[in-house]
Structure formats: structure tokens, C-alpha cells
Amino acid sequence: MSQPILTLSGLSKSFPGVRALHDVSLSLRPGSVTAILGENGAGKSTIVKVLTGIYRPSDGEIRVRGELKSFSSPRDAWAAGIAAIHQETVMFDELSVAENIFMGHMPTGPARFVDWSEMHARAAALLKRIDAAIPPEFKLKRLSVAQKHLVEIARALSHEAQVVIMDEPTAALSANEIDDLFRIVAQLKAEGRAVLFISHKFDEIFRIADDFVCLRDGEKVGEGAIASVTEPQLVRMMVGRPVDQVFPKRDVAIGDVVLSVAGLSNATEYADVSFDLRKGEILGLYGLVGAGRTEAMQGLFGITPKTRGTVTLEGRRLSIGAPSDAITAGISYVPEDRQEQGAIVSLGIRENVTLANLSKYIRGLFLSRTSEQAETRRLGKRLAVKAANWEQKLAELSGGNQQKVVIAKWLATRPKVIVLDEPTKGIDVGSKAAVHDFIGELASEGLAVVLITSELPEVMGLADRVLVMKEGRVVDAFKRGQWSAEAIVGAATGAAKEAA
Amino acid sequence: MNMDTPVPPVDRYIVLDAPPRRLRDVLLRWEVILVILLVATIVVNTIVSPYFLDVFNLADATFNFSEKAIIALAMALLILVREIDLSVAAIVALAAMGIGYAAEAGFGPVGLFATGIGIGLLCGAFNGMLVTWFSLPSIVVTIGTMSLFRGITQVILGDQAKTKYPQEFLDLGQSYFIKMKETGISWLFVPPVPLSFLIFLVLAVLFGLVLHKTAVGRQLFAIGSNPVAARFSGIPVDKLRFLLFVVSGMLSGLAGALLTARLGSMRSNIGVGWELDIVTMVILGGVSIAGGVGSILGVVLAVLVLGLVTFGMSLNNIPGQVVSVYIGALLIAVIAIPRILDKVRVRPIR
Amino acid sequence: MKGLFNYRELILASILLVGIAAIGAYQPAFLRWGNISDMLTETSVLFMMALAQMVVILTRGIDLSVAANLALSGMLAALVSQYYPEIPLVLMILTGVVCGLILGLFNGLLIAFLGIPPIVMTLGTLAIFRGLIIIIAGGDQVNASEMGAAFQAFPKQIFLGLASPVWIAIAVSLLFWIFLNYTRAGRGLYAVGGNPVAARYCGIDQRRQELLAYVISGAVAGLCGYLWVARYGVAYSEIASGYELTVIAACVIGGVSIGGGVGSVAGTLLGALFLGIVMTALPVLQISPFWQMAISGAVILAAVVINARAERRPDKLILPEARRLRRV
């Protein structure tokens, strides 16, 4: 075996009151892909931040080709040949593609002035290497999400990095784009670089990785060749106990039609979205990222104006111009982006839970704290929110508990229909199961559920029916028992239609 | 819930309704710091000048800040929702000019106040419309309307002054609304209160109740903390923002009427620079410029601190601009000192 | 390197040209070199102040203390000229620049290292600087008769048809252009304002960049303080009162985004020029100078509305027909 490019030994990192990493060692071989697995909070991002010079380790050594290194800024990490493609697209929309690639290490000419022609030439060469037809002088904001990812990869390559870290690089990509990305990963491997690959998706890990390292609570709990393990073994390693990824579907008596949507359309995002939803039913809305599912449901909820279409709830035609209309009528929408759209982290649990229907807690002219507290207590206990007290700020809670508070806020409005937009996105395996079970429980209580998800096992495990959206339209519908994974994916990607 | 779910049993955690009260938390509240500042101001001034603790002097001192303080109440709500209105002083001028013309046309006091508030309402609606319809940053919009409103005043008025007002109107601004009443016991009396200060106090109570006790107030905190999540929660974000600009305009119009009545004349430069004084009051009152944090009590206390510092210094013949050095330093110090203490106290563990 | 002007700036430039042509057609005197030269002299301070303010706004900050800084630095320079008339002019100008720089440093240190919101910090220093003028000058003003002759003569000197402040403004603008486009620190300002998190991941020190911006802003205000005081021949506590908002207005008209990360030297200069023309054209057109403020207010509002429309994120194009339409 060749000498490892990068070796970490005994790496630890503590924050006041938190031990993020404890005594983690790993080594990366040239020309290999190593996957890091672990639940949220297991320490994956901390490793990335230590390796890229954002954090300094509390203890332990980083060696690059046997040489001891200490990184105090991202520049040091670059100099050592380590570059990362980060989870959030951390880029500059208003600057050019070339500047995005070279920000922080722009080529300079005489008198240390930035050499723009050199920079553009080098950017073009890098982009060509990964087959990206993107002009280097374009402003970044003109690019699609996938193209931005390519620019990020070019940025990593611009450092001539021997170690490329990819932190959940596929989160925002479609199936085709993921294929492109994996082709580039293979190319990096062939060039003898080491890739550190972080992902929640097992299919990707089995497809691309050679080795794995599994973390739990900041400690390494397993490592080895990916060929030597199975998915259930990995899951057990991650959570420390066996967990069925998807709960068995509950048997729920499906009632009458509650919500009926007909011809929902707007100008550019979705067209002719129609469906009926029954009491106790879970309707899956499947499709690729960017198929218009979120947009259509936000149109239903009144966030973005729909231009055409009717919404009928329990036989009554609704006119929804704003979210408050939808809430009053009994429709709730739990948004995808918890931090931005769901939780108000600087307010307390009580204030979050009661926010969407404050009028219910008014006694006389003023809000009644007792009635607010009663509702918070009821829902908080039901969802098993872990907190010191109900006034605690959301910022002090874990991501999973924040999500519970957000769901509590929507249940407090006593909805008849609840739309859940990617409710398990970015949630670790253990909490996922709890969310799945909770969705089943809601349906069994007679709620009608729309579940937007990009994960096939989730939609096939939970839904009674599945609508597939592609390019803003519903292209197919399936009933439980009459579907196959191939058919659903085929409808979402358009493969089935072309084959037929 | 099913027995076989991995979710922990419901009552494993005892979650309190409210955190236990601790003395430290109470003492570190912004309002407490302001009360200490206020007491210190009063004590120092009382020692330095024998004229400070005179009810009539104090009542007269309120004239100098009450009009600004009224606008500060609206500004506090705007800053709380991450907006700002720099055009308030220009609205004061435009409203004052309208009042001047209305007075010449023979309007009575009620009509004059209505004119001022009406003009303010229109200006505020214009601001609110620009900010919410076009989703523009309010700091830029109100810098623009500040020029526009004062510019219109200058265009119409030129270098003229308006000086003719009905006597009843002037009386409202220049004499005490509540007269001094003694009861015979030296410490028990009804103090003299000017109309502007009385209006300020009444409005402060009203604003405090709305902000801290009603659903609308809670929604304002939510908007200030996270406008996107607030909108997703069904809060009419743009409507409320628009409304706050209208309120800010109306209170500026009201302040313009009170100021005109007090001065008995107006020129186009009336109230120049007030916007920055008012923002200072609000920030010193503990309203965070980043939104979502603040209280009306804090603003009221800050108004009193600033008013009494200014009054005390004027008693000692310190020029206004030198007073502003102290006020500027006070503003920076109260924001900076907690941050410096934070830096010194919390050392990140490596 | 991009062209000198982008699309938006071209529009602004053409509006300006059409405006100048229209005024010239109505009043040919407006187009006379003497008038244009006067207008440039009159606007030279605004050019420089707007560029400096742009640098601060690029980092998502704002500097409300610039006008007060200008007044204080100008007063200090004037006092030096009054009490030490024998020292060289360069040193007097340097007094203003260094004073401004130190004041800017004070802003920058507290904003960058204590995280005080820029609007709060500079609001505070605005009041402090103005008050300090009274204190250092003992409440008096410095008149033309008390300042040195060379001190006052310099801004009125003409080289090649343009007064020295215009040449200084040209030199300063060039420096800004080179700094913002051809140095890593200059591009770093765009990075820090455009996306602070991303800038950190690129190894750019946000605090150093912020500090730099406020120091530049302060130094330019100091230089302009000298020019202002020497040109108008008087220094007192109220000079350039409220000018900070004019400066910000010039930036806004020039397309600088108050959200940070967007702005160009050419655009800002055009924005300042626009205000300069409005101020000088009014007397030529025999319109009362009282119109000036109302017009600049209307122009600011028009500019922000137009900018906002241009910057609005395009709708997501998901439907195939919408994508086709957009492509045509």
C-alpha cells in the first residue's frame, strides 16, 4: 500500500461544554474515496472545519505526507494541499466565476496587482478539466445550482489539492447531476488524489466510496473497506442500536375527501396541479429537486400567489391570498428550511408554538399567558420536546427539538390538512424514524397529509398514494401496492416516457 | 403512542413553565442599567445645581424632548422589525408647514392638529408603500423621502416663516396642560404637566400594552426576529410594516403640531437633525438595530435619561454641541461595555 | 476585466448626457467650459466622499460620521494654519488627513473588533466629533482672515483648466479604481460584503477588511475637510451638517447596494455627478435653489426603485414553456 496522503491521529476538539471530537484517527490513501458516516452532531462537520483551518483542534496531530501541520487559517490548509467543497454553497453571487474560484488566492502580477487575464485563463482551464462549459467572466448569480457546484469543484482543484473534501455535495443535485459529480470524483481518484466524502445517503456511499469511517458522538466507532460491510451494519454502527429506517405503514381507515385541488398554476413554476386528498390519507409528492413541488404547495398555502386553480376544503371553495387565509381554513404547511422559514430561534418555545394562531389565546384585549402555557405544555409533551422550560429560546435547542417545536406550532392551529415539506431532510437516522412514526400517527388521527420528499424509501414506506411531479407538472400517479421503485423514478426523470 | 416506538416516554422530562428567577438575570436587564443611569443623572445634577429639582424647571425641561420622544415610540417599533424611518424630521417640517397654511386659512386648534396628523399619515403611507410594494431597504427609501419632504417644504415656503396661529393653539403648546395644584402638604401636589409630555406618557402606556401584551405586539417581535418564518406563520408582515410607517408618519405630524404650537413660528429648517436624536433615544433604550429585541419601558427610560442629562448640562451653561459629545459617548459606551466585558470574561477553551 | 461601465451604469450615463444636453439646449451657458469646470470643482468633495462611503457600504456597513469627521479634521487643519502659519502646506493637509484617519480608525476598531453595529457606532461618533469641534476651537470659528494665504490659495489654483480639487478627485478616483479592481484587499471588500461566511472560508479576515474600510473612509473625510475649509474660507462646528446623507444618496444613485458587496467606482462617480449637476444646473435654469433638495430626493427614490427592479431575482423557471419563453 502506498503511503497515506493525510493522517489524523488522536484528534480532539472541544467547545465550552461540548466535546465535538474525541481522539479520532484516520488516514487517507492516494486514489481512494473515504466516506465519513455519522448522525447529525456526530462530528463530521467538525472534522471538515478542522481540516480546512476554520477550527483549531484542541488536541491531536494532522500530518500531510508524514509532515506535521498546523492550520490557523484556510490558507494554511490550501498550502498543505487540502481543499473542501462545502455543504452550504459558500460563494459570492455578485462576483465572477473566476473570482469565485480564486478568491483568497488570486494570481497577482507586478506590484502585487491582480492579474485578471491570468486568472481568467486559469479558471477556464480548470473548468475545462471538469467538462464545465461555464465562461469564467460570468457573474455567479447567473448559474444554476448544479453549475455553482461545478465552480466549487473547480475552486477545490485550483489549489492543486491532493485531498478534496466533499461535505454532502449531492444535497441539491438531481440524479443526472449526481452522475456528473461522480464522474469527476472518479477522475480525481484516477489522478491519485484522496477524496473525503460526507453523505447521508447510503446508496451514494456504496456506489462511490472505497473505505469508510463511522463516527458517533464525536468518537470513531468503526472503519474499514466499504466492500466488507452491509447497510444495516453501517446503520447499527452509526446509531449504536438497530433501527428500521422506515416504519411499517400503519393501517388507517381512509375517509371522505377533505381537500380538493384543481388546476393549480402560476406563470413559471407549476401548472395544472390537481388532486383530491382524503381524511387519514398520506399523499406522497415525489420528484427531483426543482420539480416544482415546493412551489406548488407554497402556492396552495398562499406564500407565492397562484394565478389559476381552485382549492376546495370540505366542500367549501377557498380563496387563499395569504398564509393566514390557509391557516384559518385549516391548512398547515411545515416548510423545508427549518432555520430560515420555520423556527424563530430568538424567541422561546411558548412564543413559537402559539405564533401561527395567536388570536386563540386572546382573553379580552390581551394575550393570556396561562392559555398559551397550557397549549405549549400539551403539544410539547405530545412531541416529547426536550427542554429545561417552555420559555427556553429555540436557539438553545438541538435541531431535532427545533423541528418538533415547528411541528407543534402547526398542530396548534388544529389543521385538517398538513403539508410536510421534506420533514426528514438533514435529520439523522435515529430521529428520522421518530418523525416517520409521528406522520403515521397524525394520519391515524384523521389528518390529511401531503408529504413532499425526495427519498424513495420514505415515500414508498409512508404514502397511500404518490403523485410524481416533473418540470412543474404532475406526470404520473401511483396507488399503494401498484407501484415499483423503477416506475416512480422513471416517471420523475422522464425515462419511462421515453422508453414507452 | 405505540409501545414499540423509540420515542422516549412522555413524562421522562419535567419541563417547567418558566425558568427559575435568578437575581443575576434581573440585575443584568437593560432597563435596570437605564434606571441606574437615570438615578445617577438625577443625583449628580441635584448635587451640582440647586435649580435642578424644581418642579417647574423639570416640567419646562420636558418641552425640549417630548416631541422627539413621541416619535421615538414609533421609531422603536420600526427598528424592532428591522426597519428605520429617517424621514421623520422632514415630515415634522412638512406637517408644520401645512399647519401654518391651515392656520392662515382660519382653522381652529383641532383642525390644525388634524392637519398635521393627516399630512404625517400621507407621508408615512408613502414611505410604507415604497418599502413594502417594491421591497426596498427602508434606510435608503427614507433618506430619499427625507430629502423629498423637506425639499417640498423648501420649495413651497422658500425663506419665509409662518407665524400666524390662533391663540388657543399656541396656549396648548406653551402653557401647562395640567396646572400645578398644591394640597397644603409640601410633598403632596399635582405637578404641572405640559400637553406634549402628557401625550407622550399616554402614548407610551398604549404602545407598551400593544407591544408586550397583544397579539400584534408578539407578531412584531416575530417579524423582527425572522421575517421569513413570520410570513410562513401567517403573519401579515408587509401589512404590519406598512402600518408602522403610517404610525411613524402620524406621530411625526402630531409632533410637528406640538412643536409649532410651542414655537409659535416655523421655517423650512424646523426640526433638522431630529431623526438622529430619535434613533439615539431608541437604541439607548435597548432596541436592537438587528431587530427582534426591545421594550417600550427601555425607550421611556432612555428618553428621560437623555432629557435630564441635556437639561442638567444646560443648567450649567454647557453648549448643546458639547452635550452631544456626552450623549454620543454614552450611546457607544452602553453598547460597547457589555461586549468588552463579554470578551474579557469568556475565554474560548482550546 | 469587465468594461469600464456595466449596463446599469450605461443607462445612468446616458440619462446624465441627455439631461446635460437638454439643459445645454435651453441655456447654452451651462455647457461653457467655465461652468463645467466650476461644477466639477463644486462636486469634487462629493466624488471622493462618495467613493469612500461606497467602500464602507461594500462591507455591509455605513459611516454616518463622515461629515462630522470632515468638519473636525477641517477645523484642526484650519487651527494649525492659524497658529503655525509658517509650516509647509503639505503638513497642514496631512494634519487633516491624519486626523480623519485616526477618527476612522476609532470607528473601525470598535465596529470590527467589538461588533458594534456600524449605524449605532457612527451615529455616536457623529455627535462626538461635532461636539469636539466646539471643544478644540473653544466655541469660536476660524475665519478666512485667520487662515494662512497658501492654505486658502491651493484649492483655487487652476492647472490645465481645472481647479486643484478636481485633480485631487481624479487622482483619488484612480487610486480607488486600482485598489478595488486590482488588489486582493480591494476584491476582499466585495467578498466580505457579498458573503461573509464564504469570505471566511476563503481565508479572508473580515475584521481587517472592515477596519480598512473605515480607515479609508476617515482619511478621505480628513482630506476633504481641508479642501472644504480652505475653499469656503471658514471653519466652524456646523459645516457640512447633514452632508453624510448626501454622500450616501450619491452612492445609492450610483447603484451601490446597501446590502453590501455591490458597487463600482464608475457608478458612484456618476451618482455624485448627478447630484452635482442638479445643484449647479438650477441657478443656470433660473430655478430657485430651494428645489435642489426636493429634486435630489425624487432622484434617490427613482434610483432605488429602478435598481431594485433590475436586481430582483428572476422567477424560478420550472415549466418548460417558461424556460423557452425566457430563452427567446
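When the chains are written out, they are named A, B and C in that same order, and each has its own residue count from 1.
Rule of thumb we're sticking to: a contact is a pair of C-beta atoms (placed from the backbone, for glycine too) under 8 Å apart; a residue touches a chain by one contact, two chains touch by 3 or more.
From a predicted model like this one, the values you see are computed outputs, not experimental measurements.
S.K.: Work through the pairs of chains, note which ones touch, and then classify the graph as line, ring, star, complete or other.
M.R.: Drawn as a graph, the chains make a fully connected set, so complete.
S.K.: Can you tell me which chain lies farthest from chain C, using the average of the Cα atoms as each chain's centre?
M.R.: Of all the other chains, the one whose centre lies farthest from chain C is A.
S.K.: Chain B to chain C: how many Å between their CA centres?
M.R.: Centres of chain B and chain C (C-alpha means) sit 30 Å apart.
S.K.: Could you work out how far the Cα centre of chain A sits from that of chain C, in whole Å?
M.R.: So the centre of chain A lies 43 Å away from the centre of chain C.
S.K.: Residues of chain B that touch two or more other chains: which are they?
M.R.: none
S.K.: Per the contact definition, I'd like the list of chain C residues that touch chain B in the complex.
M.R.: Touch residues, chain C against chain B: 62, 64, 110, 114-117, 119-121, 123-128, 130-135, 139, 237, 241-242, 245, 248-249, 252, 258-259, 288, 290-298, 300-301, 304-305, 308-309.
S.K.: Report the residues of chain A in contact with chain B in the complex, numbered from low to high.
M.R.: 14-16, 56, 58, 243, 303, 322-324, 326-327, 333, 335, 340-347, 351, 354-359, 361-362, 365-367, 373, 377, 380-382, 384-392, 409, 430, 433-434, 437-438, 441
S.K.: Flag every residue of chain B that touches chain C in the complex, lowest number first.
M.R.: Residues in contact with chain C: 86, 130, 134-137, 139-141, 143-152, 154-155, 157-159, 268, 272-273, 276, 279-280, 283, 289-290, 319, 321-329, 331-332, 335-336, 339-340, 343.
S.K.: Which chain C residues qualify as touching chain A in the complex?
M.R.: Chain C residues touching chain A: 1-2, 178, 181-184, 187-188, 190-191, 194-195, 197-204, 261-262, 315-320, 322.
S.K.: For a test of understanding, state which residues of chain B touch chain A in their complex under the given definition.
M.R.: Within the complex, chain B contacts chain A at residues 1-2, 5-8, 10-11, 13, 15-19, 209, 213-215, 218-219, 221-222, 225-226, 228-236, 292-293, 346, 348-350.
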